[in-house]
Structures are given as C-alpha cells and as structure tokens.
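Here you go, one structure.
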C-alpha cells in the first residue's frame, strides 16, 4: 500500500514536472471558472466585433445573416478620414475631462461637508445623499431630460425665470431706495430665457455634464467619505500644532490623504463617462447636428440609423481600445493594481 | 406585454407556433401569425378587441405583441435572426427603407395574396403601401397636422392666413404669458405644410431631387416665419402644447394624437383645415398607418400568410372598425367609401380635409437624410442666426452630401 | 523657553460622566524636563493635549510665562509636539515634513528654511534621509525625524506623547538619551508623557505621577522612588514593583511589631521609628522593594521570615527570585545567589527600607505630613 | 507532549534570493521551554511557521517525537500557536473562539466542549468574558483568551510568536509569569519567539539566538549571558548592552597589554590568561558588561582608565552612568554613586569579566573551541 | 428560515431606529440647550454648528431635487408634467392613480395587473415533479418575476465565480495570477458601454447558438460582466484581512472548507455586501441587451420601465413612469438600507489611502 502510493506520487510528480502547473498553483482553479464565463460573454463578442469591423457589413441583417465580406482595414481607413469621427472623439474626451473635474470638486465638497464635525446627523445625510445610486440610469436620465427640457415651462427655465424676477426685484428695491438715480436691472445679470438646453451645442453639452456629475457623485462621495474617515486624526493635530490653519491643513493633510481614493474613483468614473451612451441618446441623440455625439452614440448611430455596421464595429473597437489604453495607464500610474504584485 | 392566454398559466417561453400543425387538419387551414405594435394604450386595447372578434369569426390566431423601445431597432435585429413578427403596424415611411433590403429581405410582397381591390383605398394610401411595384402592406388610417382652435377665443375659424394672423394679434402678449399660437414650428413634419404650400417639395420622390432650396420652399418659409412670431419663445413640443392646453393661446397646430388629451383640457375645442396662404392650401406631410407584411411570411406557412392577410383585409376594409377608430382615436379613414361618405365626426373631417390637401411623406430611403438638416435650418432661422435663403441652401447642401 | 503653569486644569468628557483630568496644578520651570507618568487611561494624553491646545479644558487655565493661553488656538501656541505614532505626513519627504512647521508659522524664505532643516538634520544624523518619504524609514529614523521636525521650529514648549512606545527595547534606550541630550542642548521646557515608569525615571528632571485623572506626586525621580507618598506611587514606580504585604500592628509593651501570621511574618520596629510616627492599631500595607530584600540560602532563625522559592529568573546581572509569600512577591538578588525552586530561604530587610501605607488613604505613614504636602501640589 | 527536532531546516523566499532561515539544527526536549530570540528579520517567525506547518521548508525536516512531519499539513499537526496580534476571530465570542479548535479537531459533543472551555476560562480568570466579543476586551484580556484558546486543545507543542509585544510593560511582566506557569503546569513543549532579549532571558529553559537566519548560540540563559560565543550574542543579550571597545594587543616581554590610546585605556592581562589563550598581534573588540564596571568618584591613578561622565540616569535600584569613552558607554552603579555630569571618574573592571572578540570571526577568544562547539549546534 | 427571520429582524431594527430619529433629534437639542445654559458651549459655537448643518441640509435638497420633483409628479396622474402654473403640480390634484396603474394595470407584478395567487402544482415536467403555479390569473406573472429570476441567476453565478476568485487572488500565488488580475483590472470599466458597443455582435452570437430569449443565459451574461470589477473589489477588501486568522484556524485544525465557512466568509461580510449590491444592480438595471435578446413576455422590469419612457410619441407618460421607477427602485433601496454600514466600511479601501 505504502509503496504503491509512493509510486503513484512519484508518477504524479513526474507528470507535474512536465506541465507548468504545480501543486501550489491550485488557486488557479478557483479563478478559471470566472475567467471562462467572462471570456465567453465578454471577450468573445469583442473578437467577433473586431471581425465585423473588417467586413463590409451594412446593417444588422448582414451581420446576422452572414452576408458580409471581408474588406480588410477599409473601415478603419474610412473612419480616420471621417470628420465626424474626430468631432466625436474630441467631444468625448472633452466630456470626460470637464465632467471629471467638476465631479471631483463637487464630490470632495459634499464629502467634506458630510464628514464635518459640526454637521449634525451626518450619518443620515450620508445615507440619503447616495440615493441616486439606487435608481436605474434610464430613469434618472429621463428625469434630467425633463428638467433640462427646452420648454419654457421646463424646470430649469422656470427656475431661471424666478432668478430673473429676483434680480429685478432686488434692483427695483435698490431703485426705490436710491431715489435720486434711476437704476435698472443690468442685462449682464439677467438670463435670457428660455434656454434651449437640448438644442444648443454647448447648452446640451452643459446638460450632459451636469447629469453625468449627478450620476457619478454618489459613488465618489462614498469612497471619499470612507477615505476621510481613515485620515489619522493625529496628522491633523500635528499640523495644527505646527501652526497650520484650516486651509493649510486641508491642502497639506486632508487632500494628500484622499488623493489615492479620489484618483481611484476618478479613473473608474472617467472610464464610465467615456462610454456614456444613455445621456446623449436620451437627451437629444447626440445633437444638435451630431455635434455632441459621444463615441458610443456615434458607433451606435452608424449601425442603427445609417446601416454602416462594419464602420460601426470599427468605431466601437477603437473606443474599446481607447478605454483599454486609458485603463492601462490609469492602472499603471494610478497604481490601481498595487495589490497585484504582493501575494 | 400581452401574451395569448396559456392553459398552464406559466406565460413564459412559449413562442409562436408558426405552422400550427394541430390546426391544419381542420377544415380550410386556419393559421397563426404574430404582429408587433407600438401604440397608445387605448388604441392597443381596441385593436385587441378587434382581433378577438376576427379570431372568433375565422379561427385564425393573431398574436399581438408590444416589444417596446424603438420598433425599427427591434426589427433590425429580430428579422435577420429569424425571430421577427409576421406583421407590424407603423406609418408608411419605412416602406422604402425596408423594401430595398436584400440578404435578408425585410418585407414580403403580398401582391398575389391580397384579394381586396386596392381601389377601395384612397389614392395617397394606395401609393404609400407600394414601392417599386411591390405591395408591402395595407393601409388603415392616415394622419397629418392641422389647426386646433379654442372656440371660446375664436368665434369663426380662419380661412386664410391673414385672418389667422389678425386673431393671433389680438391675443399675443408674451409678457403676460399669452400667445397667438402653439406650434412646434421647427419640426419639419409640422412645418411641412407651410414650407410646401407654394408647391415646392422638400424631396421629390419622382425625380429623386432635393427641393429644400427651391424658390417655392423658400417662399413657404417666409410664411412660416410670420408664425414664428406668435409662438412661445421656444419651439419644443412640450412648450408649445402647454400654452394651448392651458388656455393661453387661441390656436394650435398639431396632430390627431393630441385630440384625446385636448378634448379633456379645452372645453370647446375646434378643429379645421389649415388656412390658405396666398390662396394655396398648405401641403402637409401625411403619414399612412399600415400593416406591414414581414419577410417572415416568405419562409412561413401559407396558413400564416392567410391568417395575416385575412386579418389585415378584414380590419382595413371593415367600415365599422374604421369609423370606430375615427371616432375614438382620430384615425383619418383611408377607405374611399367612407372618405366620400362625409359622415365622419367633425374633428376627423377636418383632418381628412387637410390630408386631402397634403402629400404623403416620401418613403424613399433618402428621406432619412432630409429631416435633420431641415430641422436645423429652421432652428437657425427661428433663432435669427441666419436668413431663410442661406439656411435652406445650407440644408440642401448637407442633404445632397449625405445622399 | 517658557515656564508652563497648569492651574486647576480639569477635563470632562461625555457631559461630565468621564472626568479624564481632575484639577491638576503643576508648575514647570523654564527649561525643565517633566515627565508625566501613570497607568493607561489616567489622563496623561488629555493633559498634554490641553497644553497643546488640542483639547479645551472644562475648567482651569494653562499659562505660558504667566500669560493665559487657554483660549488660544493650537496653531498659535509656541509649542511643538511629538506624537506616539510620529504623525509624519506620509506624502511629504522628510525635508518637507521638517520644514512644514517653519513654513506655517514663520515667513522665512525657502532657502533659509531649508538651511535650518539641513542643520538640524545634520545634528540628528538624518541628513541622508532628507529626500526620502516617511514610509521608507525605520522606526528609529521616523522617531528622529519627528523629533527634528519638532525641534527645528524652536518652540518654547516641547510636548511628547509616549514617543518611544512603538520602538523596540534597544532603540528605546538609545532614543531616550538622544531626547534628553537635545532637550538640554536647546534648553527648552519639556513635558513628556509615558506609561513606562522606567522611562519616566530616567528621563525627567521631575516626575509627575497621575492616577485616575488626579496628580499623585511630583518630585525628582530618586525622591519619588525613595519616598513615594502613597501606595499607588510606591507600586507604580520601580521595576520590578515594590512588594506589598498586609500587616497588623501588635503592641507588646513599648515594643511595636508588624505581623502577618498567615505567612509567618514578624518584624519589630525600633523605638526610634515608633516614636517618630503615629501608628493606629489596625492593618497596614507594608511595602518593600525587591532589591532591598536579602535572601539567605541558609536559614539561621534570625531572619524576618522564611519563604519557599517558586521560580528563579536570571536576567544576567541579577536574579529575580519569586517567593510564595504573596503572589508576585519578588526579591532581586545577586546572580551568585541561585536557590532552586522549592528551596526554603531566609528573607530579611532593613527597617529604613520599609514603607507603611495607611489602609484607607493609602498614604505612607512614615512620611511626615509636611513631606507629603511638599510632594503633592 | 513531544520533543521537537529541527534538522537542517532552511527556507528561501523569492526563488532563493532571500534566505530567511539558514540550516538550523535544534532539538527541543519534551516539556522544554525554548525561546528563540534575535533582531527583527532574522528568521524567527519563519522558523516557527515551519514548525507549525504554515510554511514549507526549502530543505530540512521537522520531526515531532522522531517522526517526520515535514509534509503534514498544519491542521493535522498537534501544535497550537499564539499569534502576535492574537488573531482572535472578531466575529465570534470568546467562548466560540476558544471552542473553535476543539470543534475542528475533535468530535467532542457541544456540552463537553463548553465544559472544557469553561474550565480553562476559569483557570485563566476570564470566565466572565466568555460571552463578550474580542473587540470589547483589553489587550491583556485578549492575550489571555488567545492563550486559553491555544491551551484548551491540549496540544503537544506550543508555539508563541511575540505574543506580548503589543502589551505595555506592566502587563508584559505579568503575562510572562502566567505563560511560564501554564507551560509548566501542562508540561507541554514550547517554542517562544521574541525579539526582546529580556523576555527571552527570563522565560526560557534554553535560549536560541538567531541572526541573519543562522543559529548563533543555544544554551541556558545564564550560560549565554556569561559566555556569549561571539560579539553578536554578547551585544544582543543583556540590558543595558555590553560595552565594546576596540583594543590593540601590545606585548612587552611576557606581559600582554590591551590598549586603546584614543581613550587612554590600558589593561594588563595576567599571565594565566595569556598562556591559556592564543592572542594574535591585532585589534580585538573588548567587551565588558555595564554592571561589571566599577566607578570610583575619587581618582587614585590605579584605575584602568578615567572618563568623563555625560549623563547619570537614576532608575531607582541603580544608576546608569554614561561615560564618554565611546558613544553609549555605560556603567551600572550602586544608587549611592551619583557623580555629576562632567565629573571625571575612575573606571575599573576585573579580568574575569572581560570578553575579547576576534575582529573577523567575532568569536570570543577567551572561550575554548570546545566550549564554542557545545554552544553552537 | 432563520436567515429570513434575521433579515426581518434587521429590517425591523432599522425601521425602529429610523422611527426614533425625531426623538434623538429632540435629545440632541435638549442637550445643546443644557450645554449652552451651563456654559459648556458658547452660543457662537452652537450657531456655527447649526449653520453648517443647515448648509448640509440645503445641499441635500438641491442634490435630490430631481427625485423630489418626479415623485411629486408621480402623485399627480392626469395632469401634464409641464404647466404654466409652476414646477410642482397643484397639491389639490394629488392622487395615487399612477401607483394604482402600476400595480393593477401594468405588467409590473402580473401581466396586465391581473393578480392571482400562487399554487403548488404536483406533477408536471422538469427535474422535480413539483412546480409553483399561479392560479386565479389569466395572464401570469409579470416583469417583476422575470427580473427576480434574472437577478437570482446573476447573483448566484456572480458569487460563485467572484468569491473564490477573489480569495485565490488575495491569498494564493499561482501561475498567470498577475496577468489575469491585470486583465481584470483593465476590464473593470469596459463592461458598461461595452455591452452597447457589442450589442449587435452579441445578438448575432446568441442567436447563432440559440440562446436568445433565455432568462437564464441573460442572468449569466450579467454575471460575466460583473466579474472583473467585483472580483477585484473583493480581492482588495480581502487583502486587508490579516492572513493570521486563516492560519490560526489552520493551526486549530480547521480544513480548507471549514476555514472558508467559519473565518473567511464572516470576516468578508462588508465586502460581500458591497459586491452583492453591485452584482444585483448589474442584473437589475440593464435593459438595452435585455430588450434586444428577450421577447416581450420575458421582459424584466428595467425593459418595461424603458418602454414606458419611450411609449408616448412626443412625450413620456411621466406620472406612470415615475411611479413605476419608484417601485422598481424599492428592492434595491431595502437591500441597501439594511447593508448600509457594511457597504460604507466595505468600500473603504484600507490599502488605498496615502
């Protein structure tokens, strides 16, 4: 018995030596099912998409029906010479950058407030402030479209109207008080309503950004709040004893301590912004005049509206590549994969 | 989501049973067909009742489903995959676009399967359901935009453009929140009547020519510009309809789908044809609601083809159905007999008149490239960013580039 | 350089349910090094934080050079503080850490600041570390940087909150000497908190012993060691701890004997002692330090008592002999005396080395009232 | 109850670039208490983990009672381990923590397990804590629970990895005695890792000193203290540390003198010593322990050398006198000897107390080869 | 059963705690007044706190305005969303018709709101000759059940893949570990937009393998998309749990599986709570793919919601849409509500600061 097990073991070891998989590697077995599932539902379609991008597929039917022919890199060449592609790329990056900057400021502000010693009921506020996370994006985005409605009776236009009234009221108050001079509301202070939020290029862009910020802030706030709670109190006190006032303490102690989590959240939400589809699509389908077509919308529209499936696939492959590159650098320089190296 | 009732009540995972083997040995083969719709709730409810009536009469089975979302996108993926419906309901503007599809085809030419005489339908409707000699469906209603007015404010509906302007002048006072007109005037579909009033065509289907920059259209835009001054300062649909619905404007230009809502909000609602411009009737685009025949029928059983064609023929030619639809949903009949007959409800009558003056929306695929440039041109003119000639020239150029 | 006065300082937490610091009066002279010592939770940190301005006193005042600073914000007090876990800014280099205080509290030019930091770093032997970030440093180096950071600002008052407790024994001894040397060199007033009585003993000019938020005794280390005013101080100061034994006063004519029959203890006090102090006929706690206990391996019958050896711990320079008199009764003997466990040995000590603590007040009855007064402010 | 043998145990990390443990041979007898001591990173924890089965040796074997257990999984070895941070399961109560091992490794009924745990808890004085969760406990209580958890399983080998390093000084002393008592009571073989030499000295039957993964010396505490085989051990064991001084061998006829002109040091070896050992004409490191240095406040001219006092640290029972001979040159003197800083004092010591370490090997030349052999297995 | 009971208890406790908020608020005010009276706090000090708290409240109001607005709208079925009278509907018109519509007319619970009652059916096909049928309804269960089915599959598959994977990444070293993990990190964010990007490709693949209109496969698909991010998140969390707990268990004689059950899982709870929510949301909220792959009788809630949004020709039926969405978000809100503490601590990346 003993000898046979020993023999079996030796044989096993011999087999073991021939494959690069040793007893220590059994952890791989725990990972493999996930990798397989992920690959078959995520990676495989990407490869397939890449294949489509090399064909002349025109509409969905030619993809599904198999009527497309390989055309090499034609689609990519076509794409790179299409001005709409460049418009789309630049507006996408602009959208990512602008919304990210605002997101960071807003979220840090909220998080600071919700972590401030003087705010009573912080825990409740923290629970409430992230409520938007619980609603489906299609719902909240549709609401925002309603809020940004071009309609003069849309929420923002009404609010701006109230603002105008307020300005005029104040000015007339001043006018009444300063009776020897006649004062009228300076035009610079008044807003020209209604603003067509969804029909002007920059107005629409602004609306996208606001909505994107609103969608992303809960996640950022949770992460920043957690980070703030981890800032050692002693560091703040050390700075206090060192003679630093609130602002200096914020810059020198708080900010550096939350830098990594903020960076982390920024990378994640930045990558999501890059793939934002619903906001432009629901708001005005990337309009007006395709000026705000974020990259995924562009790809989607090429496929669905213009029946350029091959081209659409090429766009999306490029978008995926961009995200990949973005994540790669983010991971590398943001040290996101820090945990990767230690075991 | 509506499914045919299931004996076991599970309601899942049972698909159309296209051949209906069990039934085939009964008498004259009854078939089963699937139809997709995207309608308002009330419309859908009525349709369901009619289907039940039809099923009871014939023994055919019609599965009606509402896939939701954008119907054309659903079709784009479902038909090539072989999961598409046998028929669907939509306006006629997709006929051209789908008829040109090959490999796989999207539509089914039912010329040989249809028993009704096409002359039973109005000329416009007849044209709408055919493309390049193929018959791709049957029409059951048409729609277009026309003039609504508030009888409390307007005693006599205007016949001419000038009369209308006169009345609007009485009411238009934006500072007090009152306006002359509710009109999503930069939407080409809504604006088409005035733009084409002088005989110009945005897109000439016969000659395959873009007419956006023709002199006639430019002239039409001049009239439209007059109306721009009387509508709330932003031309979006919601802004516009609210002004009329809240009783703050004497006129609205809109379609029959608003009839139901507006009747509830305006006590004395009147509807009439659009007033003449320089003696010309505005030529609004009209849409023809139709049942499409899907390419699914080509591979399917003859019984399925029979089921769907029988139903569509029955539905589109049944006077009771058609006049009921006209009463309840403002559907403008396209059945020659009824249109002639003059016993339509007054409101529908007005729409029918306007359809008469109008032109069917072009169904050619090129039309897809026309809408957005024109809308943007109108917006630029509305915002005083560009004068009308330049705007239309630019739009025409953009369209030609895309085509 | 300032003298620091704590005047009736008191701190309550949670609406008075916790009294962390209870009316402390303490005067620290200019340039003096005072260590504050006491068991965990006795209020040391709280006291220090009130001096730094990080905690607002519930009552009482803090004065620097006679000036009331109680209402002055931490950032405006001329103090520097070294924290238990160093509290180095993790994202700043050593140089930046050290110049931060200067940058905040002075308007020195950058070069000047760097100059100062560099000088200080040289003095502390950390000049090669200036460009490193704190997490590249070892514990001792971190400690040095924290010290340097505090000193470079030339504060008038220097506060330490258990700065060495995270270091290992060797480093601790080293850093202790360094801190003392620096303090003397800069001649700055220092307040040093620790729970380690050995540290407190070796470092301070004076020792302040806290317990339960109350100041127990203030004095020079040897003074406190030799004349603890009460049982708490006696037990707390000194390592290994003082041995305690319940004794009863028995009078036999003019002779007064302290006895504990349970362990066979009997000790006759000399006349001199008896007349010098007032003894009630009650139970006292007798205290005697391990090093004052003589152990004889041969029993002569002359000794105060005999006891059985439990364990002998050799620590090289001495042996700790655990005796079964009370739990933890310990004698410290010469390494040459090495009884085996279970041996019976003789136990002796001199009258001058014993302390007698009152059962209720805990005060040492052998100290005069005057002596106690002087030692407990 | 088992004896434990480490046979040529070796552990490499990162493909051999780090040799954490370097061919260690060690035999621990049944019921023996061996402490493993050494500076941080010397491989103590790694050694212990190999004994526990948590780490696979690169080479060598671990034997329990002569039986090779190297390939046996940790869960099947009859060992219990107390971790540095206690590793109490935070989501389980104290009772559940303590019964966990029993539940896993035996098929005792629930009542029986609880019975056992309750008995153990009573013994350790933690019976009231059984329903508490670990984060409600103080450090000492946690330590007790961790101990209890380990003992209740009645393991044959008991492993401790710096179990006391998170406790404060007082508690540490207390827990030390407790661990020793328990170990004796259960008569279980124990291996105790610490970097604190005092802990190692007082606790173990024997001491194993590690440095750089290599075993330096194994022996009884006093033996190691008195006869360290090399400079490392000499410097590491004993607190305060041994003083070291570079000396040169000077021969003057048959007289041999050790000198260091820089500090005015001159010491003549007796003939006996000179003949007993072989001395090369080179530089040696002379070592002498602080307590073996005699300080005389009056200088007579007879002394080995004179030195200036830097600081005097009174620790109550003794005074530490820092001298300016080398940095950290320390003498431990009677409390009665209290020179002032900057005083010039005489420094003396006995020939028997000095150690001479070879400049290259670091070995004590006064020990015979045989003695060294015996001490370093 | 006990799991259900403890969940209910937890929920109950939370509700009680929540209900007692006004009382705690009162106590806080009383204490403040006491403190001011006894001079422990100055009026200025209190004023500062009140001011800061007010700033917080105002901020919340601004941030949550859209939800508030739409909720008021959902209470005013029968009026237009935009009207000339103002932003909010006239409170006089408030009614619950929209909710009534969702419950009793829409497909939310039952197709066409036709409620019935559950019934155990003995016999029938399948592996187990027992199935839950539905009686008294002509139409059958609605979108909620489809959603729950999808989410169950997603959660089950997700946990089955994510938890062991994260554990292996955190604790084991094996070949290709670094590469796979790196790949996962790269792919954490590609999921969301990717599904839209690959929509048609997906459809054609699914239809080629006959996997369209299959709720189970769809659930798996969502799980697949959630794997990289959640594995990585959980791994980060596990990294901060000292290994010594497992080692202690091992030395205590626990086998691998026992260690997992007794030590790892309980210690990882907050992390598990976080991925529970994320994986849940992955399956619960997605609608684009669901709509493409499923046929109408299998639509989950998210698709129904989307269809509602696009139902009108020129306008959204806002009131019903809002009512539907509010009910739709309710389960997520409940889950989150119960797990809030865990989620907050589970998302604090111990290794992230500095």
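Things worth noting here:
A, B, C, D and E label the chains in the order they appear, each numbered from 1.
Just so it is clear, a contact is a pair of C-beta atoms (placed from the backbone, for glycine too) under 8 Å apart; a residue touches a chain by one contact, two chains touch by 3 or more.
Labels paired with UniProt names: A, E = ABC-type sugar transport system, permease component; C, D = ABC-type D-xylose/L-arabinose transporter.
Not measured: the values here are computed from a predicted model.
Steps from subunit A to subunit D, taking the shortest chain of touch contacts, total 2.
Among the chain pairings, A-E comes first (most C-beta pairs in contact). Distance between chain centres (mean CA atoms), subunit C to subunit E: 56 Å.
Between the Cα centres of subunit A and subunit E there is a gap of 19 Å.
Once the centre of each chain is set as its mean CA position, subunit C and subunit D turn out to be 26 Å apart.
Counting partners per residue, subunit E has 81-84, 200, 203-204, 207, 306, 354 as the residues that reach two or more other chains. In subunit B, the residues that reach two or more other chains under the touch definition are 77, 80-81, 238-239, 242.
Residues of subunit C in contact with at least two other chains: 90-91. The touching residues of subunit B, counted against subunit E in their complex, run 1-3, 5-6, 8-15, 40, 65-70, 74, 77, 80-83, 177, 237-239, 242-243, 245-246, 248, 257. Those residues of subunit E whose C-beta lies close enough to touch subunit B in the complex are 80-85, 107, 111-112, 116, 133-135, 137-143, 146, 200, 203-204, 207, 212-213, 215, 291-292, 295-299, 303-304, 306-307, 310-315. Put simply, subunit C touches subunit A in their complex at residues 49, 52-54, 73-77, 79-81, 83-85, 87, 89-92, 100-101, 104-105, 149, 153, 159. Residue ranges of subunit B in contact with subunit A, taken from their complex: 73, 76-77, 79-81, 101, 103-104, 106, 232-236, 238-239, 242, 368, 372, 376, 379. Remark: subunit C residues 39-40, 165, 168-170, 173-174, 177, 180-181, 195-198, 201-203, 221-222, 225, 237-241, 289-291, 311, 313-317, 320, 322, 328, 332, 335 touch subunit D in the complex.
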